[in-house]
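Below are structures written as structure tokens.
Presented sequentially are two complexes of subunit A, the first with subunit B as partner and the second with subunit C.
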Partner chain A sequence: MINDTVVELSRWQFAATALYHFLFVPLTLGLTVFLAALETVYVVTGKPIYKEMTQFWAKLLLINFALGVATGLTMEFEFGTNWSFYSGFVGDIFGAPLAVEGLMAFFMESTMIGLMIFGWDRLSRGQHLIVTYLVALGSNLSALWILVANGFMQDPQGAVFNPVTMRMELESFTALIFSHDAQAKFVHTSIAGYVTAAIFVAGVSAFYLLRKRHMELAKRSFRMATIFGVLSTIGVITLGDALGFVGAHAQPAKIAAMEAMWKTEEAPAPFNLMAWPNQEKQENSWAIQIPYLLTPLLTHTMDTKIPGIAEIEASNALRIKSGIQAVEALKILSSNPSDAAAMAQFKAHEQDLGYGFLVKRYAPEQDVSKATDADIALAAKDTIPDVFAIYWTFRIMVGFAFLMLAFFIFGVIYSLRNDVENHPLFLRFSLWLIPVPFLACEMGWLTAELGRQPWTVYNLLPTWMSASSHSVSYMVFSLIGFVSLYSIFIIIEMYLMVRAIKQGPDDHHAVQKQDKNTSSGGSVLGGNYAPVHAKTLVNEQSKEV
Partner chain B sequence: MDLYLGLKVLWWLLLGVLLLGLAVMVGMDMGVGALLRIIGKTDLERRSMLNAIGPHWDGNQVWFILGGGAIFAAFPLIYATAFSGLYVVMLLLLWSMIMRPLAFEYRSKIPTEGWRNIADWVFLISGALPMIIYGAAMGNMLQGVPFHFDWDLRSYYTGSFISLFNPFAILAGLLSLALAMYMGATMMVIKTEGVLAERARAAGSFAILVAIVLFAIGGVWISMMPGFVLTHSVDPALAQTPLTQTVELVKGGLLANYKAMPILWVIPVIGFAGMIIGGLLLRAHRPAIAWWFGVLAWVGVLGATAISLFPFLMPSSTNPSQSLTIWNSISSETTLLWMTGFSAVFVPLILWYTSWAFYVMRGKVDAGKIEKDPHAY
Partner chain C sequence: MKTIGYFLLFFVLAMIVIFLVIVMGEAAPWYFAWIIGTGLLILTSAAAGFLFDTQEEKSKGTPQ
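The block that comes next holds the complex of A and B.
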């Protein structure tokens, strides 16, 4: 028997650990690419300031990277520990991109990042540049494979159910990786990471510009970040639009929720600029509408019909009835795979199998063959995700994206005019903007994954069935463990990050002098950096801040 | 031979390679962590040890991640059943593994003694505990784990957390820790100098002695334990679930494969040889070759375990007929084919650039440089 509380706690734990992990991922994705760009400039121009910039931002990257890796371990294991039915049911497909991610991407990223940090003296300029490129390539390829896996959950392509092994099995690997959802989401997510890094670099640089410290490094970083940011934000918005276009076909319920569209409207449908959705009554308490806008926005045509929530729910009730037949047949097949009648019944209703599973939650004794019409109606209601949460997380994300776009445009203008340091208000604003891309990323994750409900794999496997059969006390134990450990981690991480930023890069002029003296070229790490044991020196530096 | 059957056997072997990579590379770093407080007496000595593995631990740790991913992809039912069944143990493993990267990155960033002491304890726990759990998990597989399935393959674990730490599992856990400490100590002899290297040599010699004794006791113990035997099953070449077979417990069953094919005794002998010769070489100041004999020791230990279990991977002690075997827990032919393709390209590539990274960072750790380098661990 499946326990509601255990499922609920498993969901909270997964959401908490995934959202936490996703605090560190975007910055790594973007900062590695930004470092590759910086180091390229260094190798091409030979100016030591760019090496100093590369090393400084790499130092901050590493603080972030450690937590990204650590919390990523949790994700890799959580499917097995907490979503074991899911893992057994789709592991044949879902496991492959995760394994390939390790083989192709993460291994390279992790091996190369060690060389990137420690290899300055041991590698030639060209070799070190390649190493940095490979770190950036690795982190982005990593995102590709993770989002291929996620794309399968959103829009399962290339897989078929095998009644002999009682699980989904891979049919076409190319269909899996070239799923439109996966591709659009990969680009959207990676570029969101670039935006995050751009805001982060611009914000930290603004901090130095405000304090009149490390001016040279800060100005150059600010300029590069804002240019990088304008391009990335335009990209993230474009791909977000593409993702909506893809979603309109694969996940109509998610799209209807994102737009709070309860009833099917005549095309072209109006766009709910602002609305207050009420799930109980299936209507918006109030809404500010722009007529005709939604249809072209979503479908890129004027006359395609977009189904409303009520219509989607009604059609799902029919699929549940059909799905019950599939589940009943499957139960017979599990002990006798050669039963021809059961196989025929299963084949006839196979496409609705997942909908049959949906009613298990409400059926007496969790046996779908005993489900009543009232149970089916409850299950059909379940097929509509939380409209209010999805509508608003989506709007906050989009609002933040346009806010950042505006910021980057001004930032580029100021820094190309070379007078950004004369706009203290703007600099202060860029400092305060640092949390915004992180929040936008989290909101995007929430929109995508809340919009996927009630499924773990869209139309195939309900979330409610996917969790492991643990006891409530196990779940409480693990939740408390994760929350307390992760809280300690974030405190340490924030402390170190702020400390490293306040400490700043090694003093540029001192380094240049030393370079002249020793003419060793590679020792930017040289003497004037505070030795770790010299507590007093470190304290003085922080007082100076 | 049938293609699917061939792929099944191949992935069983590859699973072994992964578990070996994990044991050797992650185990080595874990061993260093566990030894940190024992052979590193001063802060600088400890930093020397950390920096010796500093450029590589990140890459090495991916063996652990890859292990998880590959089991997920190739043996989804093992991944699902084992990871959820051993829930508390997996969480302890995970939490200690999570703390390690942070201890690495953050230890030397704060120059107070209290902070570094905390970090050193984290290294000790996150080094010793995962290796004990790694070995104990293998020990539990040999004895069978209390789980069963529903008709739809939903798995239920019915044992307690404590029962996973039974005497035999603890023995296996300590063996795994001893081998890891040997590998870590050997690497320290290679990478450090003077008194630190001498202490590492002594620690490594002691660890391998313990490992030899534990491996011998384990062997005798296994000969007296009941083992699982498939009495009725679907053709291994066919797709199947663990719901369509019967399994019986037979005394001495864990040695059945050795009795059927005596040549297999070579594998545990290789294990003993690796340990004994490795230990002697370490004493004879040949740490680099001694390290490679440590790899051989791991091959012997893991190989002997795999042969005892074959064709089982995770037998059920409460419902033996639902035991997970290579044949019924593996992925589909299509998935295995793709995974084989990716592995054929990327595993050699990984081995190549890992070796290159070790080559670039070759030589002894320079304690003087650590003091000056702000990026040093």
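The block that comes next holds the complex of A and C.
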């Protein structure tokens, strides 16, 4: 018998560890790519300031990476310890990408990071640059595999359920990796990391500019970060749209929740810019709407119907009835796999198997053949996720995207004019903005994962069936343990980061020499800028290296 | 005022780019786009660094 409290606690534990872990991940994803850009400038120009910049930001990356790995490790095992039924049910499919992710993160990424940090005196410039590019590639590729695995949970592609072995089996690795959801999800998440790194670098640089310290490092970093950031934010918004587009086809209930759309409306449907969803009454207490906008936004057409929650719930009730047939056939097949009639019945209702599992929870003695209409109605209600939470977490993520886009545009303008240091208010704002991309990422995950409920594998395996059969006290104890440990990790990260930032770059004598000579610089936007000839500028200092 | 003007110009440009990419790529080959896009992003950011140095050299009157 499955204990609902244990399932809830398992969910809380996974959510807590994942959300903590994802406070570290995006910065690693983005900072590694930003380092590649910095080192490219160093290798091309030979200017030592860029080497110093690369080393300084790499030091911050290292702190973040170490804690990211520490928090990520436990999650790999959590699937087995707390979600053992899930692991058995989809292990054939989920195991492979998870293992590749582990190998990528702990072998390729970690080895390359080691070479990058300690290889400055042992590798040539070109070799070191290649290593830095491999760090960027490795960190993002390890994220790719876990996102492929998550993509499978959102939109299961490339696998079939085998009624004889009673497990999901991999049918096509290509379909698994190249599913639309996995592709859009990976790119959205990776670029979200770029945005995070850009805000982080801009914010820390703003701190130095406000304090008038390490000006050469700060101005260059700010310039590169704002360009990096503006392009990445455009990318993250574009891919966000792509994810919504994919979701509109694969997960209609999640999309209806993200848009607080209770009833199916005539196309083109209005867009709920702001709303206050009330799940009990299945309506919005109030809403500010923009007419006609939702349909083109979601479907990229003017006439595609977007189903509302009431319609989705009603059609899911029918799927539950069909799913009951599949579960009953499965029961016969489990004792006699060669029963042809049962196999035919199973095949006819196979696509609704997961819906049959859903009602098991409410059926007397968990026997679906005894499920009443009231049980079916309860299970159908379960197919609608928490609309209020999803609507608002999604809105906050999108709001933050446009806030950061506006910030980066101002940042680029000020930086191109080379007078960003004369805007203390803007610089202070840059500092305050540092938590925003991290929060946006957390909101993104909440949208994705709350929106997937009540499933661990969409339309196939309900969450309530997926958990292990631990005791409540075990779950409470381990949850408290994880939250305490991870909170300590966050405090350590903050402490180390703040200390490293206050310390600044290790060797800044070369920079100080430059600082003294620095004037306000030319301005592209101001018009007093003339492009140089295309030859490489080799600074005199580069000869010192 | 000038800054706001530039801001609006760039913001509108960004929205046009977003709109075009959305219209062109619904279920696009995103992995491929990511590889190309990340490469271009690195090069553009590096170019922003080169540009900064060029401006600095220019303002100091260094011969080019």
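Everything that follows uses one rule, which is that the second predicted complex is superposed on the first by the 503 of 545 C-alpha atoms of A that agree within 3 Å, B and C clash if a C-alpha of one lies under 4 Å from a C-alpha of the other, contacts with A are read in each partner's own complex, and residues count from 1 in each chain.
Just so it is clear, a contact is a pair of C-beta atoms (placed from the backbone, for glycine too) under 8 Å apart; a residue touches a chain by one contact, two chains touch by 3 or more.
The shown structure was predicted, so the numbers you read here are calculated from the model rather than taken from an experiment.
Participant: A:Gln183 in the overlay: touching subunit B, subunit C, both, or neither? Say first, second, both or neither.
Facilitator: second
Participant: Look at A:Val230 in the shared chain and tell me whether it touches subunit B only, subunit C only, both, or neither; answer first, second, both or neither.
Facilitator: second
Participant: Examine A:Asp241 and indicate which partner it touches, taking first as subunit B and second as subunit C; both and neither are also allowed.
Facilitator: The answer is second: A:Asp241 touches subunit C but not subunit B.
Participant: If you stack the two complexes on chain A, which partner ends up touching A:Ile480: first (subunit B), second (subunit C), both, or neither?
Facilitator: Touch status of A:Ile480: no partner.
Participant: Check the residue A:Val472 against both partner chains and state whether it touches subunit B (first), subunit C (second), both, or neither.
Facilitator: Once the two structures are laid over each other on A, A:Val472 reaches no partner at all.
Participant: Which partner chains sit in contact with A:Phe410 here, subunit B, subunit C, both or neither? Use first/second/both/neither.
Facilitator: A:Phe410 sits against subunit C, while subunit B stays out of touch.
Participant: Determine, for the superposed model, which of the two partners subunit B and subunit C contacts more residues of subunit A.
Facilitator: B
Participant: Counting only touches as set out at the top, which of subunit B and subunit C does A:Ile492 meet: first, second, both, neither?
Facilitator: first
Participant: By the touch definition at the top of the document, which applies to A:Gly80: first (subunit B), second (subunit C), both, or neither?
Facilitator: first
Participant: Overlap of the subunit B and subunit C footprints on subunit A, residue-wise?
Facilitator: 525, 529-533
Participant: Can you name the residues of subunit A that touch subunit C in the complex?
Facilitator: Going through subunit A, the ones touching subunit C are 33-34, 36-38, 40-41, 44-45, 47, 50, 136, 140, 178, 180, 183-184, 186-187, 190-191, 194, 219-220, 223-228, 230-232, 234-235, 237-239, 241-242, 245-246, 300, 405-406, 409-410, 412-415, 418, 517-525, 529-533, 537, 539.
Participant: For the complex, which residues does subunit C have touching subunit A?
Facilitator: My answer: residues 3, 6-7, 10-11, 14, 17-18, 21-23, 25-31, 33-34, 37-38, 41-60, 64.
Participant: Flag every residue of subunit A that touches subunit B in the complex, lowest number first.
Facilitator: Result: residues 59, 62-63, 65-67, 69-74, 76-77, 79-82, 84-96, 98-104, 106-108, 110-115, 117-119, 122-123, 162, 164-167, 169-171, 173, 330-331, 334-335, 337, 468-470, 474, 477-478, 481, 485, 489, 492, 496, 499-500, 506, 525-527, 529-535, 538 of subunit A touch subunit B.
Participant: Quick one: which bits of subunit B touch subunit A in the complex? Just the residue numbers, please.
Facilitator: Subunit B residues touching subunit A: 54-59, 61-62, 64-66, 68-74, 76-77, 79-84, 87-88, 90-91, 94-95, 97-102, 104-106, 108-112, 151-157, 239-241, 243-244, 331-332, 334-335, 338-339, 342-343, 346-347, 350, 353-354, 357, 360-361, 371-375.
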